[in-house]
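I'd like to ask you about the structure that follows.
Residue numbering begins at 1 within each chain, and the chains themselves are lettered A, B and C in the order written.
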Amino acid sequence: MTTLEHSSGSPAKAEAHDAASTLELRGLTVAFPTRSGLAVAVNNVSLSVEPGHVTGIVGESGSGKTMICRAILGLVPRPGAILAGEILWRGRDLVSAQPSAMRRVRGSEIAMIFQDPSSALDPLFTIGDQITEPLRAHRGLSRSSAEKEAIELLGRVGIPSPRERINAYPHHLSGGMRQRAMIAIAISCKPELVLADEPTTSLDVTIQDQILGLLAELREEYGMSMVLVSHDLGVIAQNADSVAVMYSGSIVETAPTRQIFSATRHPYTAALIQALPSIHVEQPRRIPEPIPGQPPSLDDLPPGCPFAPRCRYVTDACQEVDMTRVTVGAGHDTACPFAETVMVPS
Amino acid sequence: MISARASRRVLQSLLVLVGVSIVSFALIHLVPGDPARIALGPRASLTAVSEARHTLGLDKPLVTQYLNFVTGALQGNLGYSIQQRASVGSLVGNRILPSVLLVGFSTVLAVLLAVPLGLVSALKRDRLPDHVIRIVTMVTFAMPAFWLGLVLVELLSLRAHLLPVSGYGGSFAEKLKDLLLPSLTIALYLAPMLIRTLRSSVLDVLDSDFIEAARARGLSERRVVLKHVLRNASIATVTVLAVNLGFLISGTVVIEVVFDIPGLGSLIVTAVQSRDFPVVQSLTLIFGAFVIGVNLLADLAYAVIDPRVRQASTT
Amino acid sequence: MTPVARQELVLSGARALRRQVDRQNRWADLTLWTGAGILALLVLAAVLASVIAPDQPNTQHLTEGFLHPSTAHLFGTDAFGRDIFSRALYGLRVDLLLGIVATYVPLVIGMALGAIAGYYRGWRETVIMRITDVTIALPFIVLILAIVAIVGPGLTGVYIGEIAVSWALYARLTRAEMLVLREQQFIVAAEALGYSTPRIIFKHALPHLIRPNLVFSMADIVLNILVLASLSFLGVGVQPPTPELGAMIAEGGQYLLSAWWIATLPGLVLVVLGSGFSLVGDALADRFGRRLELPR
């Protein structure tokens, strides 16, 4: 089983029991029953997140990125379930953890930022109320000290006049401010890992950079690791230390961020890069090239490589590929066994 | 403070109320034949009929008649029942309290029954408690209210002698005791619809992102349900009650007859049986106004529960 | 973990999930087929009443009054010695027919009006929806009672009353669906292609509008039958001696203590009939992802 290893050594923040990574997924498989059969949302995914680093997960919508985050927190919605695999958090398997133990992890050790802050905040309670919830649940603070802390947090995430805003309801705030409030909730218990699920997708372009900047700042300040999920390779390129590319529930390629652009080793990744507007990459004035076709339906996966039907290098042998990743460089592996032969010469 | 939203809703309700008044006014004119003749019966003399036409204002143009009907109703003058030799206003006045008590009492019982069951059904979706609640709900939904009433009378009053059979006692305590069985019947009749609607509303709430976000910040399931789900479901409860009000009133009308309660329901039934049109007309208007009023109240109540509406009404 | 062991684990998990789905599907199928079975049986019984019934519904045997249910009289006999089982079969006919007519005629009317209101918006919507609001503001039993008062007691009045009232909820439901639908790509596309309005409404929108209406109609049938029964109970519906389940319950009400079966057994038939429709409605609601309750 391959993991994502990083070439650049970073100061290990985690405890002695696992110096290499704080979070490690091993063969995670999540499936949903459907009327016709089974939809495999996450297929045999292995990935590790190093302390203090940002691991990006990129892929089209429905490729299973969000489900990985939910699975980590034990929140796979019914009737879906984790069929196999381990989620090792500081050496402990969360898949087999008791609900009460899981609850202590959520929000206090691992926190999550949601895609759409306007639906992720309960409209009937004030921002302050929702920030104090984890403070009181995990840190046992009294109402007044939790409130004091909430005001501080709101100020820290850049919400002006936090003393008044604490009594505001979600609909009083703009989208950007709501996402800041969500971030304040996420960092309230100083978690070691933040799962940011498309944190800027629902926001205006001008706000996106502010939010990403804030996240980077906070990560530095609190020494947090982060899983950054996005469909936008550009966002990942600017913010992540390493990237995992997902397609139809499987990770097709993982690499340090620089390498994924300079030494692409999977046709799907290459297609994603091609589809980027040129402002993100060095090549000037290149016309973005859309990827032809649609991703396959999750409950009807073709045998072999799921990307084969849309792949420009497809051969008959692609039906035999078992999606086990092969290492092609330092911290770089790909699920395409033909990548080195077909992609490098071109 | 009268907000834009509230005044818009009041205006809308008034419009519907005008519609209802037109319908109830039109009723008497839809009857084939001369309303005065019908009111007096076939054996009345011609002079009596023309006299009645005059007292009832039937000799005036329709628009005048309608305006008189409306201004009369606004002043509490609901017309005169020739058959019962009494003003409709006094007939209604004597019978309004039992109906109001009955409606209130059964609403409380129905909510006490439906809210926990709807919640459990949604929380235990597709598991045994949900299946049981759904089946029982379906069967009770199919029970005619009056049959349910008769069966309850048979079981609880005639056989077990737990509660009075029918009637409506003197003192307030006696009245409440007499109303217990009828109210329970109406509540059982109303509850299935409420449970069903609440279940799907709660399922919607459970599916929402903010519930998942609440779980993701490590709140206990108990807290998630008791705080976030319950508060959001309470909005649904108000809606559900308002939507099913017609249902509640239908139950009340029939049950008043079954249990011989001297309320507005039994009054309209006797009036329909004897074709006492002034009474039918006024009661149609009163029931319509009641439904419109309660819906308006429910709408304004959202402003208390839901801060989104509260804000919308201050701007 | 070896790939083989992993494969095993995934497969067994998949089997467990599939079992769960199968269980749910079985439950949905069970409700659907139980309901359909009940309805088929009762419809058959109503249609074949004249063949199945051991006796004429109105034949009196004054010496055989108040007989307990037995093999000779499955549901016993009433005060006039009439066979309650035979009367229930003929009564079922009256209730079923009214239930179906008083539900599906308004469904067609309401859907047409709702679709027009939702599609065209503007003055058509205003007029239709305000009339709908007024109709819904009046508690249905009150409005039906008022109409019965005009037309006179009897089945005709009930038919007119129920049809005059029931369409409104379908109109409201259909309009709401239509408002959502007309914004969707395939309707917009059909408009862009220059298809005629009737073609868009009937060919493209109708299939989507019919499902929620169909689901709600299952609850509505039950309501309409119960209203008929209630009106007969109140003495303004079906007139004696015509057998009708609600009227039979009313007649038996006074003998509850001495002859419980007269009111109770016809009541049970009504409950079974209503449960049949509810079961089918519930299964359809599940299948279509729709709701069964009153539309707002």
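Simple rule for what comes next: contacts are C-beta pairs under 8 Å (C-beta built on N, C-alpha and C of every residue); 3 or more make two chains touch, one makes a residue touch a chain.
Given the structure is predicted, the values throughout are model-derived calculations rather than measurements.
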The chain whose C-alpha centroid lies farthest from that of subunit B is chain A
Looking at B-C and A-B, which pair shares more C-beta contacts? B-C
Whole-Å gap between the CA centroids of subunit A and subunit C: 49
Using mean CA coordinates as chain centres, what's the subunit B-subunit C distance in Å? 22
What whole-number Å value describes the gap between the mean CA coordinates of subunit A and subunit B? 52
Would you pick out the residues of subunit A that each touch at least 2 other chains? none
Note the residues in subunit B that touch 2 or more other chains, in rising order. none
By residue number and range, which residues of subunit C touch two or more other chains? 24
Spell out the residues on subunit A that touch subunit C in their complex, using ranges where they run on. 1, 26-27, 29, 31-35, 37-38, 44, 79, 81-84
The residues of subunit C that touch subunit A in their complex are 1, 6, 9-10, 13-14, 16-18, 20-21, 24-25
Subunit B touches which residues of subunit C in the complex? 24, 27, 130-131, 133-134, 136-143, 145-146, 148-150, 153, 219, 222, 226-227, 229-230, 233-236, 246, 249-250, 253, 256-257, 260, 263-264, 267, 270-275, 277-279, 282, 291-294, 296
Residue numbers on subunit A that touch subunit B, as the complex places them: 70, 73, 75, 77-78, 99, 103-108, 111-112, 114, 116, 119-125, 130, 133-134, 137-138, 169, 171-172, 182, 185-186, 188-189
Could you please specify the touching residues of subunit B with respect to subunit C in the complex? 15-17, 19-20, 23-24, 27, 30-31, 126, 131, 134, 138-139, 141-147, 150-151, 153-154, 158, 193, 196-197, 200, 239-240, 243-247, 249-250, 253-254, 257-258, 268-269, 271-273, 275, 277, 280-281, 283-284, 287-288, 291-292, 295
